[in-house]
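Note that the chains are named A, B and C in the order they appear, and that numbering of residues resets to 1 at the start of each chain.
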Amino acid sequence: MRRLARFLGPLLLAAAAILLPFAVGAYPLAVARTVLVYMALALSWDILVRSGQISFGIAGFFGLGAYASVLADLHASLSPVLSILAAGAAAALVAAFLGLAILRLRATYFSITTLALAEIFRVVIHNGGDFTGGAEGVVLPKPIFGGDSRQLYWLALGAVLLACLCSLVFQKTRLRLALTAIRNDETAAKSNGIHIFKYLMVAFAASSFIQGIVGGIQVQSLGFATPESVFDPNYTLLPLAMALLGGIYSTPGPVLGAMLLGVAAEFLKLKIPYGHLVVYGIIIVLVILFMPRGLFGLARPDRPSAAKARSLLRKGGGEGSSRA
Amino acid sequence: MHSLETRSLERRFGGLAAVNGLSFSLDRGEILGVIGPNGAGKTTLINLVAGLYRPTSGAILFEGRDITGVPAHARARMGIGRTFQLVHPLESLDVLENVMLGFVFCRGLGLRAARKEAEALCETLRLGGLARELSQITMLETKKLEIARALAGGPSVLFLDEVMAGLNSDETRELIELVKDIARSRNIGVGVVEHVMGVIKELTHRVLVLEAGELIAEGPYEEVVKDRRVIEAYLGGAA
Amino acid sequence: MSLRRSAMLAAAGGALAAAAILVWKPTVLVYGVQRAGLYAAVAIPMALVLGIVHIVNLAHGELLMVAAYLTYFGATLLGVDPYVALAPTAVVMAALGLAIYNLAIKHTLKAPELNQLILTFGLGIALSQGVNLVFSSQSFKLSLGYVSASATIGDTSFGVYDFAFVAAAFAIGYGLRLFLTRTRFGKAALAVGQNPRGAAIVGIDVNRTYGIVFALAVALVGAVGSMFLTKQAIFPDVGGPYTMKSFCLVAMAGVGNITGIIYCSLVLGVAEAAINGLRGLRGWSDIVFFAIIVATILARSRAESRR
């Protein structure tokens, strides 16, 4: 009976999410869709964070996926849905290729490299001339599903479900043991037979795959892509803050964080025309200082204590990280 | 053919040879002591065997196969286990999950099977309270956990790096019996790095004495302890 | 190949490249050096923090921006030249730096360094968006006569004002070196940077040292920010790229190598200017730094992973 109860909550939530378009109007639905986009990105970021590697390059793979989708659509005449899958594949492939080099980096060096990558992608696309549309970007003849707001919402929901599934796979299988061990102490992990590079690659590719898919979905939903709009640092900032606030190293955490911050951001945007994102910066600072495990980390009933959760993050870096 | 063999193993750090021209062997069921003054290269030796360091020259053979280029995680899978002197805790995992690692990643078991095996192993070692966080366990339990983690990988050779350090005499006795049992009933070749001579005397069949990275004596404890070079190494100069 | 030989070869190559550029487009060299001055002046304070407090401050560029804004409003409200407002700005920035250290950074020093990274990342966002909130994304610019000073050599003329940044870079670099090696506090700070525990044992107040060093670095970048205002238009996001470029330089030169930063900034500054000068490649100059940062980091890690 207990087991059923555990599934009940998420099932109800999923049902509510699926039925939402029938209950609200176009504007709230559009907001919800945007929240879902960020939610999927937050989930994807968390997957890699479990290995101890923090990426500042979400926008990079998101944007890469967006352009892959748009270019596949226009130049290769792929159907919109197929182009979204192609977007995910493209992002994953690029991540795998780059990963060969950058997954040997640790901590700060890895993080800064991901930040640099996002910029590099942007500039390459920006200077891609006619093929990529250059600075003006590319416009699709029409958005996917003709721009029908309900279908666009369900599309985004699909991405979130995919991301949740991925996140759960990483929680329930040996992947969790591997990534956690790597995060805590790479030497110990190695000595227990864990092939660190392989697991980092899996996490990095999965994370980037989702980011690419979401990028494809976003661009197909909006109907256009420009280097600046698609490689927007907000696609890194918001998911990061959401996952942190909601609680990293978990699946419900980023979901919770996205719901809270997504709605709050929309609200703030209306009240404060400029600089409403300052809230995100402040939230990141506060969360890191006072509750690094996020809301969900505090409320975890199955772990011994919340205080322990806080100290767990404090030691979570382990010896694997090298000083910059 | 020996289970583990090194040939003229050398590891330099810059100009300093931490290990130099080291050749020895270890067989299943044997307990080999490794002693020497501080800085003699004992931990470096373990790191070389385990694959955390690459030797600057020389070779390491495992069951006749040259494994000098094999990375650490693969060596763990092959059957080379070790514990750490400065405990490397995996604090985000509880005791049971720590032990499960070797079963999952070295022996390829599924999570459920690994859990059962880990529980059984912990029971054999008399390690209880498996749901606890690592910060809650005692010193003796930490040592047992280290050993359990290494055993979970199914090693045929196992190196214990100063595993008796910080234990009282009762606890030391318990671990001594444990190590003897491991070598005998699991047919594992155990390398024991220790400073406490009493432990070495009781536990080992054979002893290696290292000084400044070189092997200066080899043989049963009683012989080695009378060797003039060994005495000089420990006391420094005229004995 | 020995280090000496490769250094000499690099120097020879550099001299050759400089000569080639002089022949082709002399202004590239001039502007490259001027840019290098700015980049170096901004990067050296980051190196100071990294070398002694051992944190990467991802809000570094934002602090530059904040100082520029402070100077702008100070100068316009008081009706003075920005250079007059520079000293008070630096003082305010020092106080800000001390506050940031004590309220935020201090508490994450024992945590894994990724916490600090995220913290300063959030801080940077808070600062740039905070400024956005208060002043909107409109850009501000001062028009000062002396910034358009120019010189003419042969038939090429170029702006000379930006050499002020080169002077600033040398002043900061040399000044810091003197400070760190000749003063008591400076030497203590170096000790803390090398071995915090050892320094604590001999009685140095590590925490106070960190705070003061951080405040000093922020004051220095603040001073550069004041100068920045004189030449550039400022807006909330203007500081962002400078964080990355500073980190790039510090990573290339190696922590603690102030002269290295100056050399590297020369290379990068001229490279950027050269690419800017090539009409077809203009858009790519943005990623010169980023591409080099990635290459440097990779090369470094390859060298390190030789167990």
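Keep in mind that, in the parts below, a contact is a pair of C-beta atoms (placed from the backbone, for glycine too) under 8 Å apart; a residue touches a chain by one contact, two chains touch by 3 or more.
In this text, all values refer to a predicted model and were calculated from it rather than measured experimentally.
Taking A-C and A-B together, the chain pair joined by more C-beta contacts is A-C. Most remote from subunit B, judged by the distance between CA-atom centroids, is C. Centrality annotation: A (chain centre taken as mean Cα position, compared with the mean over all protein Cα atoms). Here the spacing of subunit B and subunit C, counted between their Cα centres, is 49 Å. Rounded to whole angstrom, the centroid-to-centroid distance between subunit A and subunit C, based on C-alpha atoms, equals 31 Å. Mean C-alpha positions place subunit A and subunit B at a centre distance of 42 Å.
Of all residues in subunit A, those touching 2 or more other chains are 315-316, 318, listed in ascending order.
The set of subunit B residues touching two or more other chains comprises 52.
Against subunit C, the residues of subunit A that register as touching in their complex are 52, 54, 56, 101-102, 104-105, 107-109, 111-113, 115-117, 119-120, 123-124, 126-127, 135, 237, 240-241, 244, 272-278, 280-285, 288-289, 292, 313-318, 321-324.
Against subunit A, in their complex, subunit C makes its touches with residues 50, 54, 56, 104, 107-108, 110-115, 117-119, 121-134, 136-137, 236, 244, 247, 251, 255, 283-284, 286-287, 290-291, 293-294, 297-298, 300-302, 304-305.
The part of subunit B that touches subunit A in the complex is made up of residues 50-52, 71-74, 76-77, 81-82, 84, 88-93, 97, 100-102, 104-106, 110-111, 132-133, 135, 149-150, 152-153. By the touch criterion given at the top, residues 173-174, 177-178, 180-181, 183-185, 187-196, 249, 304, 308, 311-312, 315-316, 318-319 of subunit A touch subunit B in their complex.
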